[in-house]
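Note that chain A is present in both complexes that follow, paired respectively with chain B and with chain C.
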Partner chain A sequence: MTAAVVVRALRRAAGVTVPLALLAWLLIALAGAPPGEAIDAFLRGAFGGRRHAYLLSTLSRAGLIVGMAMAAWLSFRAGLFNIGGEGQLVLGGLAAAVVAVHAPGPAPLVMAWAVLAAMAAGACWAMLAGALELAAGVPLLIGSLLLNYPASFFASWVVGHPLRDLASGLPQTDLIVNERWLPNFPGTRLDIGVAVIAIVTIAVIAYGATTTHGLRARLNGLSPAFARASGFPVRRLALQTLAGSGALAGLVGALAVLGLHHRYSDGMLVQPLYAWTGIVAVLLVALVPWAVPLAGFFFAALATGAAGMERTAEVPREIALILQAAIILFVAGYTARSVPGARDDGDAH
Partner chain B sequence: MLLDPAFLGSVPRFVVPVLLAALGGALCERAGVFNIALEGFVLVGAFAAVAGSWWAQSAGVGVLFACLGGMGMGLLFAEFSVRRGGDAIVVSVALNLLAIGLTTFLLRALFGVSGAFRDPRITGLGTVDLPLLDAVPLVGPPLAALLSGQSPLLWVALALTLLLPFALARHRYGLRLRAAGEAPQALRTGGVSVRRLRTAALLGCGALCGLAGAQLSISNVNLFVENMSAGRGWIAVVAVLLTRGRPLPLFGVAVLFGTADSLSVRIQGLGLPQQATDALPYLATLAALIVASVWRRRHAAAGA
Partner chain C sequence: MESLGASLSEVTVRFGGQVAVDALSLDIHPGRVHAIVGENGAGKSTAVNVLFGLIPPSEGEVRIGGAVRRLRSPRDAIDAGLGMVHQHFTLVDSMSVLENVVLCAEPDAGGGLVDFAAARAELVRLAERHGIRVDPDARVAQLSFGARQNVEIVKALYRDARLLVLDEPTAVLTPREIEALFAMLRRLRDAGRAIVLITHKLDEVLAIADQVSVLRKGRLVASRTLAADMDAGARRELRDALGREIVGGELPTPLMRDPRPRGEVVMRATGLSGRAGAMRLGPLQLALHAGEILAVAGVAGNGQDALVRALVGLEPRAVSGRLTLAGRDVTAAGVAQRRALGLCYVPEDRQRAGLALQATVAENASVGRLGGAGFARGPFLGRGHMRRFAESLIRRYRIGVRGPRARARTMSGGNQQKLVVARELELGGVVTIVENPTWGVDIGAIATVHRELMAMRDAGQAILLVSSELDEVLALADRTLVMSGGAVVAEFDRDDTTRQQLGAAMIGGGGSVAA
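Let's turn to the complex of A and B:
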């Protein structure tokens, strides 16, 4: 690595961090909190707590974000702009909750069914968006997004009406019985969902790097004309990739239900913006797969740290969203061209 | 039921936000900017309208703030996408998130509330009444139900819909705007800055989306709710894509979507669950996309 490269990298890093620090300081001042106290609260909220309770909740959130990020990565690298992860996540979570609450049978079997149902629901919803593009010419970018809304409304109706937990009166399913929860790591309150995500992430990266299917999907993303000319089954490839992406989103929904919340309640997967955070985590690292977990952890820490800031320094937690968006904006100029399928508007400068 | 005055009167309230935002999107589309951040633009506009109206106790200031807020978003888009060359989709995703974060943050930091902000200081936009229209025989009463007592922004939107085709076809800036979209090289050869034109288009788009937001927050109601744009900006994006930014077809599509939206409120009375009717505008939008593409394919096949 030559000195010029290092200097350029440092200058870029400064170009991102200096404006962001200024923005953060401005927002904290606007909320009327002393900056020192706010930063302290942020760090404690993200990494501290009694017996590292907050660090564990950061890890738990990071798992869900990384899962959604890998789901987005799977489709983005294949040139498929599936931004319907939210709908796929919601339907997955709902399916898992319905099975885990209502299906009879031994706990491990029911949990396996719940996960499978969630993955199937997510995969179907993603493939529906793909089918709309292939058969009806609805651009995936728009079709997948529009399908988010009916999915959320449907889930909201299911837990508001037929499967509502009447005892609590809230729009949520009944609590899943104790035996069907994902176990925690011994001695902690962190469920093993994050480990599942870690394994799945490694598997997905291995799929992309080593399998023929993964290579073909990527080539299809980089150059659809080449993929077609090489005789790849491009339509099937696209649908299969979308199914994988949707299934992964569904799995994340199942893990959130079985591990974290133990039920599905209205809005619980939409409000924290897991799907969108996953998408921006992938965009932040320009689809470099091994960096996705780092970006996911970073954004998770940002969110839980901001929640900590809200608790003790009364800075609204949405500061995390603002900073997250600002990071993407500042980095966008550098990462843009590495996203396949991103629209080329034919105008440089 | 469709000619019921209450229903007719509700249609423009749903059409205007989509139409205004879509007109803004059309400016971008024609200038060659792929802007799918309309949702965020509208949300910021809605918040700024309430903030301005609350601060000055004047709806006019609210509208002004809404325009400025939207233009601020447009400026951000221009800086990060047009000038720094960030991918338009990435920048759009970021700006949509920024809009949610910023409006909710400011709602808490400035007004100390979360969820919804209502206050007697928020002054709503008045209405434009057309008292004489009712006297016209036959067509008068339904037209009056449709057009009388609506927000002034309806008339702004209609005027712009009529004006924009002329501007695009005849005016020098309209021609340049289209050139920026269709043949940027030629424009540059002619000594005109493509970047500056696209920035202007984004500013115009921001102002129009701001107006759309003002219609939502200080005309349809008199309050701000978190995430109150609720997908309207995305529907406007679809309208732009469907019509490739041509104003008159755009008007038709906006009316279609707006009617579906108000219809969805209307049929809640029939005992359908609210979530089913809430999903209707999005399903109608998808259906319109499918129909348009099938229709286009037929025509392409017939032409070949």
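Let's turn to the complex of A and C:
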């Protein structure tokens, strides 16, 4: 009985890994690099480096992806398909940069204001998508997606025109003064943003599992008819949940600005696909919350590893991106069946 | 037509650790109606799902036409000559009857086109031969439940089903439709087809079955042949014997009703009107008194749904008129405000509106009390308290479920309904609106639900019972309103209500109804 289960699991895992390995080998060979060297470069790019520099950069990226994944989780579990995380992230980052660059006052206070402004901006943008659905009947899926574009363009305009850094001439804000940066972990070049994300992630999971609001939001997601018949304030629940989701995305933007880039420059939160990778990560683990950080770390490692592969083995990054897409497709089918609690949402008690 | 029998021999089905069907052997013969009865979760549906290839048996074998078959899908079963009419119809509402009937069995006109002319001719021929009334061009969405059932049956016959399984076919039918269905089933039987009928209603078994098998906890407890010429005494005896076999003990005692004066009006609707799809609701007047059960009877789809939505507050803006609850004007109030004033609601659609199936039993049980003492400490849930509360409901209402942590979807339909009823009744509100509370629920559970409703009435609560089951209305109601076409067309007091009068009013006043 158990032996059969193990054999079946192994066979299934082999069904995923064998074709993936073949595909990877084929792609790397196509790019003209010796596969062994490429894989070595990939692993070092993701986890190695002098004094683990690359591992730290993987961690830093993982933090941002996990933050966005939890933002998506928060709304998805409530049946709200808020895929506008990118717009909420961008506006949050922009708001944080504007406050941190221009506001007067002592550094800790300004940083707190910057974070709050970022969260407020993200929350408002997410609630706008919700309000569009409730008031005008625009489906959230479409509204939240389309609101990404004005957010990005608005941010481009702000850093391209009124608040451009004239010294560099690039479309970005001025650099934030040094004392308003998030501190690094002692002796490393990793800022404490990842720790903030870790705490927030635990808090969000706890919210889902232990609070009345979290339960109501989840039940509303499971069956809107049930929530209405039970007398839940469904509209308020939806808007509040969206606000939380957007605020979390805004917070991620603030952490990227205060900790990693120390300014907002055009496209810096869009190009790395933080928001979309976060959505993929959360879908990949079928909304099981404890698995989200693992998925986020996995995707971050893929991205930094690919960069390393490009640097040292001259395998173009695009190869890794194709591989990433293939992995997502294969693994999605695999995890949907095998993650404990998948399809049921994780918090059964 | 070649006749077809089937048999299950020593079939066992396990779901996880639970045994749903336990070494069950059943023989189904051509030219006979074989009724399968049993409580919810007794394994009836599982057994026929094995027969139909929907569930692979863990042990045992399925023979069809004498040969052992391993069916892997309904497709295989259909090819083998089996047909199934599910309790919840499997028709495409937006398509015509003809399109539904030929779906996935389309006659080929060449070039990938469907030969609808041939299909229509075949459909009309089948319908005529078996005396089934169907209009090939009607849209399914516009048909009554009875007509939809006919479509399902024709659909199975079109695929040359020689063994027909019907799962609770009478649950949504009017008395007259039931008569017509039985007449049709008798013709199909006499033509040599095998009919398997899953039902809760023993009167129906006595009316139509040639053989009846009783399942309890996955086992076959009795299987007997019914004589055609039983007298009334023998019938009553058999009926009681079947009932005892089903519940595995004595039958629940009949409902006692204490006459009691009704109290003051606790819910009053004045000139209530609204829309229900294409139908207008009202304007109607309604006064619900404390300590009474007011039934709203009627054929399904005559505005009862819109009335309930209006009273519960699911669409307060779509309703005009005036509604008071416990002396307060709640015309514009939402569900939450009305619930806060003491409204409880057992929705008809327990799987969507009554429960969140993916959530646990404890979560579902506690849903109306999440703000209450013990259930929450500040913003946090009192998970332990929720579990203990669910445990007490499970114990007192005898809900069949693994425990409070099990997901609601793991319960059988009847137990799901018990959970919903238990939750709402425990709230002890001023007014409880109960919508078809015993649809698809077994004898034991029906008795529990009815007893609880009666106990609430006796405790002075007001109950509005919306039901399309005449027996239920007759057993429970102090007063009965009959709805037809979105309006109240008749009102009866308990003392002068007869089955015939009610039935006649339900179908629009014309003639008496065979019951």
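Note that the second predicted complex is superposed on the first by the 320 of 349 C-alpha atoms of A that agree within 3 Å, B and C clash if a C-alpha of one lies under 4 Å from a C-alpha of the other, contacts with A are read in each partner's own complex, and residues count from 1 in each chain.
By definition in this document, a contact is a pair of C-beta atoms (placed from the backbone, for glycine too) under 8 Å apart; a residue touches a chain by one contact, two chains touch by 3 or more.
This one's a predicted model, so the numbers in the text were calculated from it and none came from an experiment.
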Partner chain in contact with A:Ala198 - chain B first, chain C second, else both or neither: neither
Contacts of A:Ala325 with chain B and chain C, given as first, second, both or neither: first
Which of chain B and chain C A:Leu116 touches, first, second, both or neither: neither
Which partner reaches more residues of chain A (counting touched residues only), chain B or chain C: B
Partner chain(s) touched by A:Arg216 [first = chain B, second = chain C, both, neither]: second
Partner chain in contact with A:Leu43 - chain B first, chain C second, else both or neither: neither
Contacts of A:Leu27 with chain B and chain C, given as first, second, both or neither: first
Residues of chain A contacting chain B in one complex and chain C in the other: 345, 348-349
Residues of chain B defined as touching chain A within the complex: 32-34, 36, 76, 80-81, 84-91, 93-95, 97-98, 100-102, 104-106, 108-110, 114, 184, 194-195, 231, 234, 237-238, 241, 273, 275-276, 278-279, 282-283, 285-286, 289-290, 293-294, 296-297
Residues on chain C engaged by chain A in the complex (per definition of touch): 312, 314, 334-336, 338-340, 345, 347, 349, 352-360, 362-363, 367-368, 370-371, 376, 379-381, 383, 387, 405, 407
Residue ranges of chain A in contact with chain B within the complex: 27, 30-32, 81, 83, 132, 136-139, 141-143, 145-147, 149-150, 153-154, 156-157, 160-161, 273, 276, 279-280, 283, 315-316, 318-322, 324-326, 328-330, 332-333, 335-337, 339, 342-343, 345-349
For the chain A and chain C complex, residues of the former touching the latter: 210-213, 215-216, 218-219, 222-223, 225-233, 344-345, 348-349
